[in-house]
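Each structure below appears as structure tokens.
Here chain A shows up in two complexes: once beside chain B, once beside chain C.
Entry: the complex of A and B
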């Protein structure tokens, strides 16, 4: 564990101690709901969304704590009563559920990184900022390996001007870009979402409405949290 | 592959059920448990015999298996309510009746894990749910005539129902948008040649006798107009092409 992590841990413990139990419970439920929503958004959005570092990190810390509880208790499992066994079963079940969602979230991101690697790295710093440190490493290494492979296999035998992997001239770009025109399903979650206006159309967003709409038109409302992807 | 292609388009029904399992549900404890259990997403409170608690469904499933709790069905999961809703669904051809969020998912979970706690006969309930689901799907499929390149409302549908149609709808609407774009581009060029106002996007609408237009206009106005089932009224016989596509789309 690094110093930063230890400090965060400490901070978390202090905060946990200070706030009442009720608040802690609320916090947990909120975090979990947010994790679920993050997963859904990442799965449905056509582009790579910013990495939710804090959320994932705090969930991972909680996961580790629960694993510790299992380890401590399972040592003396034979002597303990069924009640503990049930509790361990519940804890284990929850760990599996949360592991699943985090795994699915990260894998979904990796798939997008693979797909949009060129777009992300040639674009600008804002795109790269959406990646976690690990993901940046992964992306650069993966691209390097791919380029080496391609060039050793066949690219080196081609004329120089045909060797590019990121050629944008000639009308067709070789860089895969996210499809911002993709239709996504959204749900309005607040009462004061601004209507979507484009061309001659206006779409009123009332609370709890579900719409399909092109991603590019709803990005602002998504950022403001007035609507969520479903 | 890091992530299979079928997962990139939509969710699997297991994943939708997973999401529904996170919803809270009211349970009655049969036993008392002396201390709380702190979890990652929530905590399990102290249990007193015969008290009501709200806990996530996945937790209720585990506890129900151990006979620690009873799970009374939600107030909408009974013969009377569902039969009424079915009638409503039949009489009201233009909109979906309001059902609780996730009704399909939750009732599925109930019939699988909490069957013993149901008050009504499970077979009757299963049949009603199936009927309700089917009539809503038929409506949804008819409503697909109304697909356009701008926007559609899907109010009062559960995530499970939406999810089944997600890849189809987003693909078809995406293609329609592409057509529209190229139409507009063409029109823009023509206008430019005629030295008319190139900015007028509506120019082509005047001489456009495609019956698609009516649908488009009704579905852009606002909330009410954009409801999908509305299309039932103006299903056009000429619109055979879309009908064919819809029919091909096997569920």
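Entry: the complex of A and C
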């Protein structure tokens, strides 16, 4: 987003003070970094993470602005100089990338929702709160569709006690749970992260340290934002 | 032997995992597995009824019976898991077709059973609804990171004219163009164009 935003500011030639413009720019840069991190975390974490609604929404608004700039400028493309073509190309490249990150982020979430639908919906409200409204709809509907499909194809003909789809008896649970034992790469980003303790081990987390560790031991520090997934 | 049919079905599922198209729905095998499961259930019911007669004495007979009950339960559960796994794998393939935005046609539709065609249709609707909430982003676009905004493409099949912001292209077979990637992504997926 950065380059596109700088250009956007140039284009508009806003008359407000220098400092406020700088702040806005910084804000956008931070948002972009955050979006990037959110995407990486979602892709690496074994479980579904809370949906970053505000971040996605504000990015979408900015994307729309960018598309507008392109549309306005490409109309008079023939008459203007080559400089603007280059600018437009850069903006377009930037749009493509942001598009890709958001698309990949949302699709990755949907894949996890499909996989852990039973776990999410039977578990507790805290898991459901991590979903966006659209995602909740998607999950419940998709589960319903699958259930209908199973029923019609064979499930309704099986003996009663075999008809459940969330059976946990008999040694094998039907509810797929995220693999919290998965090893993840983390980077410590703050100076006051609490050390990780497990099985008589203690790992001190110093700023800029990089560790490979099982997800379940680092969940707390992740939530507090002391470490990030990489 | 009990469980053999289920084994056959799960191997079929494994085989079709890497196939481009979805093979024919194994209606008959599935019916037979359901029937087998029902037979096992009947056996169980009979065994249970027999058990009630002499609950106090624990003879070799009882041990045999208990083992049989246990084994029956195992096979029935396994049958169910296999059926679910088979169906889920097919459903996942249908999901993928929906996301790839390929118009389902011909052989594929013939290979589905009725419930599956229904599922495909409804899932399509569901995905469209979800996509409409975020109209700015083409959610079914490529999941590979973008590299170049403009790419060279060669036309494999006549596709008529397409309109882009940079003008009109007449896509006749074997011609080559330098176009914006996002404009022609759909056509590449559909096999009209080839990226060079």
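We adopt the following convention: the second predicted complex is superposed on the first by the 211 of 230 C-alpha atoms of A that agree within 3 Å, B and C clash if a C-alpha of one lies under 4 Å from a C-alpha of the other, contacts with A are read in each partner's own complex, and residues count from 1 in each chain.
Keep in mind that, in the parts below, a residue touches a chain if its C-beta (ideal position, glycine included) is under 8 Å from a C-beta of that chain, and two chains touch if they have at least 3 such contacts.
Quantities reported herein were computed from a predicted structural model and do not represent experimental measurements.
Visitor: Just to be sure I read the superposition right, which of the two partners does A:83 touch: chain B = first, chain C = second, or both, or neither?
Guide: Only chain B; A:83 stays clear of chain C.
Visitor: Regarding the shared-chain residue A:43, is it in contact with chain B (first), chain C (second), both, or neither?
Guide: The answer is first: A:43 touches chain B but not chain C.
Visitor: Look at A:93 in the shared chain and tell me whether it touches chain B only, chain C only, both, or neither; answer first, second, both or neither.
Guide: both
Visitor: Between chain B (first) and chain C (second), which does A:181 come into contact with in this model arrangement: first, second, both, or neither?
Guide: In the superposed model, A:181 contacts chain B only, not chain C.
Visitor: For A:194, using the defined touch cut-off, is the partner it touches chain B, chain C, both, or neither? Pick first, second, both or neither.
Guide: Once the two structures are laid over each other on A, A:194 reaches no partner at all.
Visitor: Touch test for A:114: chain B only (first), chain C only (second), both, or neither?
Guide: Once the two structures are laid over each other on A, A:114 reaches both partners.
Visitor: A:66 in the overlay: touching chain B, chain C, both, or neither? Say first, second, both or neither.
Guide: first
Visitor: Which holds for A:137: it touches chain B only (first), chain C only (second), both, or neither?
Guide: Second partner only.
Visitor: May I ask you to decide whether A:207 touches chain B, chain C, both, or neither, giving the answer as first, second, both or neither?
Guide: neither
Visitor: Would you mind listing the overlap between the chain B footprint and the chain C footprint on chain A?
Guide: The overlap between the chain B and chain C interfaces on chain A comprises residues 63, 89, 93, 97, 100, 107, 110, 114.
Visitor: Flag every residue of chain A that touches chain B in the complex, lowest number first.
Guide: Within the complex, chain A contacts chain B at residues 25, 28-29, 31-32, 36, 40, 43, 59, 62-63, 66, 83, 86-87, 89-91, 93-95, 97-98, 100, 107-108, 110-111, 114, 179, 181-185, 196, 199-204, 206, 208-214, 230.
Visitor: If you look only at chain A, which of its residues touch chain C in the complex?
Guide: So the residues of chain A in touch with chain C come to 60, 63-64, 70-71, 74, 89, 92-93, 96-97, 99-100, 102-104, 106-107, 110, 114, 134-135, 137-138, 141-142, 145-146, 148-150, 152-155, 157-159, 162, 165, 170, 172.
Visitor: Can you check the complex and tell me which residues of chain C touch chain A?
Guide: Its residues touching chain A are 30, 33-34, 37-38, 41, 73, 76-77, 80-81, 83-84, 87-88, 91, 95, 99, 113-116, 118-119, 122-123, 126, 129-130, 133-134, 136-139, 141-143, 145-146, 149, 165-166, 180-182.
Visitor: In their complex, what parts of chain B are in touch with chain A?
Guide: Spelled out, the residues of chain B in touch with chain A are 1-3, 7-8, 11, 18-19, 22, 33, 37, 39-44, 58-59, 62, 66, 68, 150-155, 157, 159, 162, 166, 169-170, 173-174, 177-178, 201-202, 220, 222-223, 226.
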